[in-house]
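Shared between the two complexes below is chain A, which pairs with chain B and chain C, respectively.
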Partner chain A sequence: MSPAAPPQVQSLTCPNCGASLTVRSMGRAITIVCGHCHSILDAKDPQLRILQRFDAATAAEPPAIPLGSRGKWRGADYEVIGFQVRSMEADGIPYSWREYLLFNPYKGFRYFTEYNGHWNDCSVATALPEAQGISVKYLGKTYKHFQTYTATTTFVLGEFPWRVTVDDAVAVTDYVAPPYLLSSEMSGSETTWTLGEYINGADIWNAFGLPGAAPTPLGVYENQPSRMRASASQIWFVFAGLATAVFVIFTLSQLFSGREEVFREAYSFSPSSTEASFVTPEFELKGRTSSVEVQTDADVTNRWIYLNYALIDEDTGQAYDFGREVSYYTGVDSDGGWQEGSQRDRVVLPSIPPGHYYLRIEPESDASLGIIGYNVTVTRDVPVLGLYLAAIAALLLPALLVSWRVYNFEQMRWAESDHPLVSTGGGE
Partner chain B sequence: MIWNRLYLIYGIVVVLLLGAGAYRGWSFTSVNEVKNVPKSIRDNPGSYRAIYAGYHHYTGGK
Partner chain C sequence: MSQPAALCPNCGAPILFHWSSSVQTTCPHCKSILIRKDVNLEKVGVVSDLPPDSSPIQIGTSGTYENRAFTVGGRIIYDYDDGSWNEWHIMLNPGGSAWLSDAQSQYAVTFSAQAAPLPALASIHIGDRFTWNKTGFVVTVITEARYRGVEGELPFQYWDKQGATFVDLRSTGGDFATLDYSDSEPVLYTGKMVDFDALRLKNLRAFEGWS
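For the complex of A and B:
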């Protein structure tokens, strides 16, 4: 294979305004647009026949990457030789985007597209996609239909390897598989497929040595990859592992918790008594520091009793004060039978050290309710289900948050499509 | 990827805290701790001022 010819640059003159034209893709250009008067010229005609004139100032649509800019892209030197602005209309609102044609004499053409700071690196597809319902399959990857619209060329500058005119209209269908975008452009009987890949504007700025910084992307673009998507699937995998660890700890605590009953006594309370408070006999909490459950069972049908408890360490004088109400009401009304409350109350005190303890109990109730009998049971080393539920909630929350952000991102993406999701919200 | 690593670290901390809590008997009950309660309480329970005494009680029913 003989080496390809080196890049050639030829200077010509615009037949309309006399301005000099620089042609960078000699032999490949079909159309040249004069940068001065915007006459669209036939590059294949030795006389540069004028194909179209359009009235526009270059300053109205300045290319962010000036024509003639050179840079290394995907391992090859490319030069920006053409620029066009195209637009479409959706729901009566016009949307415009910009396309920069790049040329390398050995690699051929490719182009960058830019919309609201979102960039794509595009080149002609190398195979014909297969239709699969409203999706297409290309090189083993399925692309979902995103939108179908008519794209109209509104501004051109530089040279193009195809016949370009302002107001050219083609039917475009976009399919997405982020970060890739597959577009078909249909004009008459001819369909051209283009493959685009979402890229960062900063990479272009670096590659082409452009001054300043790339514009900040606005919103979510159709093939913009979600930074969170990969995280979302993996985070649930991690969650499954952590939830298993929680389950193992729960099982172990169920198996090895002592649930040691250390005290049980029955009492009765007369609300009319002058001194209600009393102390229980001493009981011992053995082993390590652990939870202590105090259970109160009271005979309170349509009555209540409130118990001021103090669990007091006989040796250190440390007291744990807490109050518990036991009340139970039941009856019948126009809606039928009803009941509220319970005759049993349980409370788990946290991290009680071993030692010799007693309870100081001070019951309260309404004097009209009569004598109330109740039982007090103290059990040490009782598993606390709430801890496990809290742990699962703490693990679940970040995973749900990431999933919600991914969903939100997709909502914003598809809101611009022909298949919007239910509602729109904030993005990543 | 960074999110997954952060989440893994966070999750391990949660699981370790759970293990410690299960072993040490943590619970969500709020108790008031009082230090140096005199031994005379045993003989005179009425001298102890319970923190929750006089607390508003449920006295209702439907």
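For the complex of A and C:
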């Protein structure tokens, strides 16, 4: 490097109030604002002609990053040299946001914007975005139109490499592809494109050594990335994997399940009989603890039978009680033939230890229905579909939950745009 | 690589040409604008004091553009209503020259380009589209500029200028073009917007308090 140039922080005096002005951008300033009397000065004029004076009381909030603050940002030192507040109006409500102009003599300018604790790191776009319907394409990425509005400058401080006065108004259009934000600003016939990237306030607090903690952002900002969105695709990926595993295990258990029939007998029930219940001969459940299916095939056409079952362990006396109704109805009506129910009923008891068992059966029906014949079949080690379905449902739950949160996040994001997503309130 | 020294016809200081195709230079000692006439130098003017400069680039800065090394040999400075900018004349290795413009630290490298016919200034509006050498451009800015000064070696005679109008154009792919209406015939320059870091510049100006 060549020898250092003379000190670059020039000291000038405000022509209005005589306060000294600090100039930080080394001859690049076009506008300087006196921090004392808020005169906006023409930096190109050796006499610092006063362009405008404004009442600072209307927007006297101090910048969160004071002018002159330096921080390391994206590998280079930057100094805050300018601050402005701009505002827009939507549905009659004014919204203001703040912009911090940053300067590095080699890399030039960039700026941070802040609204409700949401920050963006912005710099001039290097290529020309091209319109694609309502969206724009910029360097291969599609940005969706978010909103078009008029931005009006309400407060300025420090220096700027462009002309700025209070009440300047430009037409702004925002396009989003989170975490990026592409904005066009139109003043006169010239359009300037700026690319912003959503950043965390905490990173700025860190980089610029600001006291305290960055305020927590409120709501969802237009280009705020949804952290849930990444987890949503991950969680669905995991869900797909686990669901496949469950399916494979189910298929294998189907293939390898014993399906061992241990008992089969035919009975008939006469509703008029006085015998309330009876027990079957004993049968053995061998091997490991497994599922047991009890199948009832009843000769019921336009009739019903209800069976109170108990599967009883002869050795321990433990009983598994369950009741099954078998009914089947069929007929013809104005819509054609119909049927309801089935002559076959199956029930699976999921986990029965091996041992000697018998069934106690207590049938019921209506006396008018006559004698009903039925078969009872007991099979051990059958695959239990319901368990697998329950497993899938349990896996599905977190995935649905995350997707729902992503959906809500997008609802909140687009609610602030010119294109709110269709929601419960009112509609278009 | 430097050409044999000649002497400044005004003050007698030795004048070195770093680039054989340079047509014009300035005397670093007395700021005379010197034109090459065969082996002699002719003084055609003098550079008035240049405005306080903010560019980190200076004569002698070197860098790389698309894998070609370059050295900054000279510049033209322009003023306009909203500031000033530099067109740095860069000499490329192995030969040829181009322009590195620094406007508010937005950098572009452009080469003189042939395309015909070029539009008349009066017929151009922001948003107009042109295609040159298969690249589609859109007019983004029209700048009424004032010639502010020159420094160092230039590939053509450029002094005693007044106003000049520049039409800047951009493409969707980061291409940049300028139509220069300083003379009666427009001149086209095409190239790319470039990132400061990508230029890998060395021998930059030092700014106190900055590194």
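Heads up, the rule we're going with is that the second predicted complex is superposed on the first by the 335 of 428 C-alpha atoms of A that agree within 3 Å, B and C clash if a C-alpha of one lies under 4 Å from a C-alpha of the other, contacts with A are read in each partner's own complex, and residues count from 1 in each chain.
One rule holds for everything that comes next: a contact is a pair of C-beta atoms (placed from the backbone, for glycine too) under 8 Å apart; a residue touches a chain by one contact, two chains touch by 3 or more.
Just so we're clear, the structure is a prediction, and the values are computed from it rather than from any experiment.
Peer 1: For A:304, decide between first (touching chain B), second (touching chain C), both and neither.
Peer 2: First partner only.
Peer 1: In the superposed arrangement, does chain B or chain C reach more residues of chain A?
Peer 2: Answer, by number of touched residues of chain A: B.
Peer 1: In the superposed arrangement, does A:394 touch chain B (first), chain C (second), both or neither?
Peer 2: Touch status of A:394: first partner only.
Peer 1: For A:362 in the superposed arrangement: first (chain B), second (chain C), both or neither?
Peer 2: The answer is first: A:362 touches chain B but not chain C.
Peer 1: With both complexes superposed on chain A, which partner does A:350 reach: first (chain B), second (chain C), both or neither?
Peer 2: Touch partner of A:350: chain B, not chain C.
Peer 1: Would you sort A:229 into first (chain B), second (chain C), both or neither based on which partner it touches?
Peer 2: A:229 contacts neither chain B nor chain C.
Peer 1: Using the touch definition from the top, list the residues of chain B that touch chain A in their complex.
Peer 2: It comes out as residues 1, 3-4, 7-8, 10-12, 14-15, 17-19, 21-39, 41-42, 45-46, 48, 50-53, 55, 57-62.
Peer 1: Could you list, by residue number, the parts of chain C that touch chain A in their complex?
Peer 2: Per the touch definition, chain C meets chain A at residues 51-54, 56, 58, 60, 82-83, 104-106, 125-127, 138, 140-141, 170-175, 193, 195-197, 203-211.
Peer 1: Under the touch definition given earlier, write down the residues of chain A that touch chain C in their complex.
Peer 2: 1-9, 25-28, 30, 44, 77, 104-109, 124, 126-130, 137-139, 161-163, 189-191
Peer 1: Within the complex, which stretch of chain A touches chain B?
Peer 2: Touch residues, chain A against chain B: 228, 230-231, 234-235, 238-239, 241-242, 245-246, 249-250, 252-253, 275, 277-279, 288-292, 302, 304, 306, 308, 310, 312, 314, 317-323, 325, 327, 329, 331, 333, 338, 340-341, 347-352, 358, 360, 362, 364, 366, 381-384, 386-388, 390-391, 394-395, 398-399, 402.
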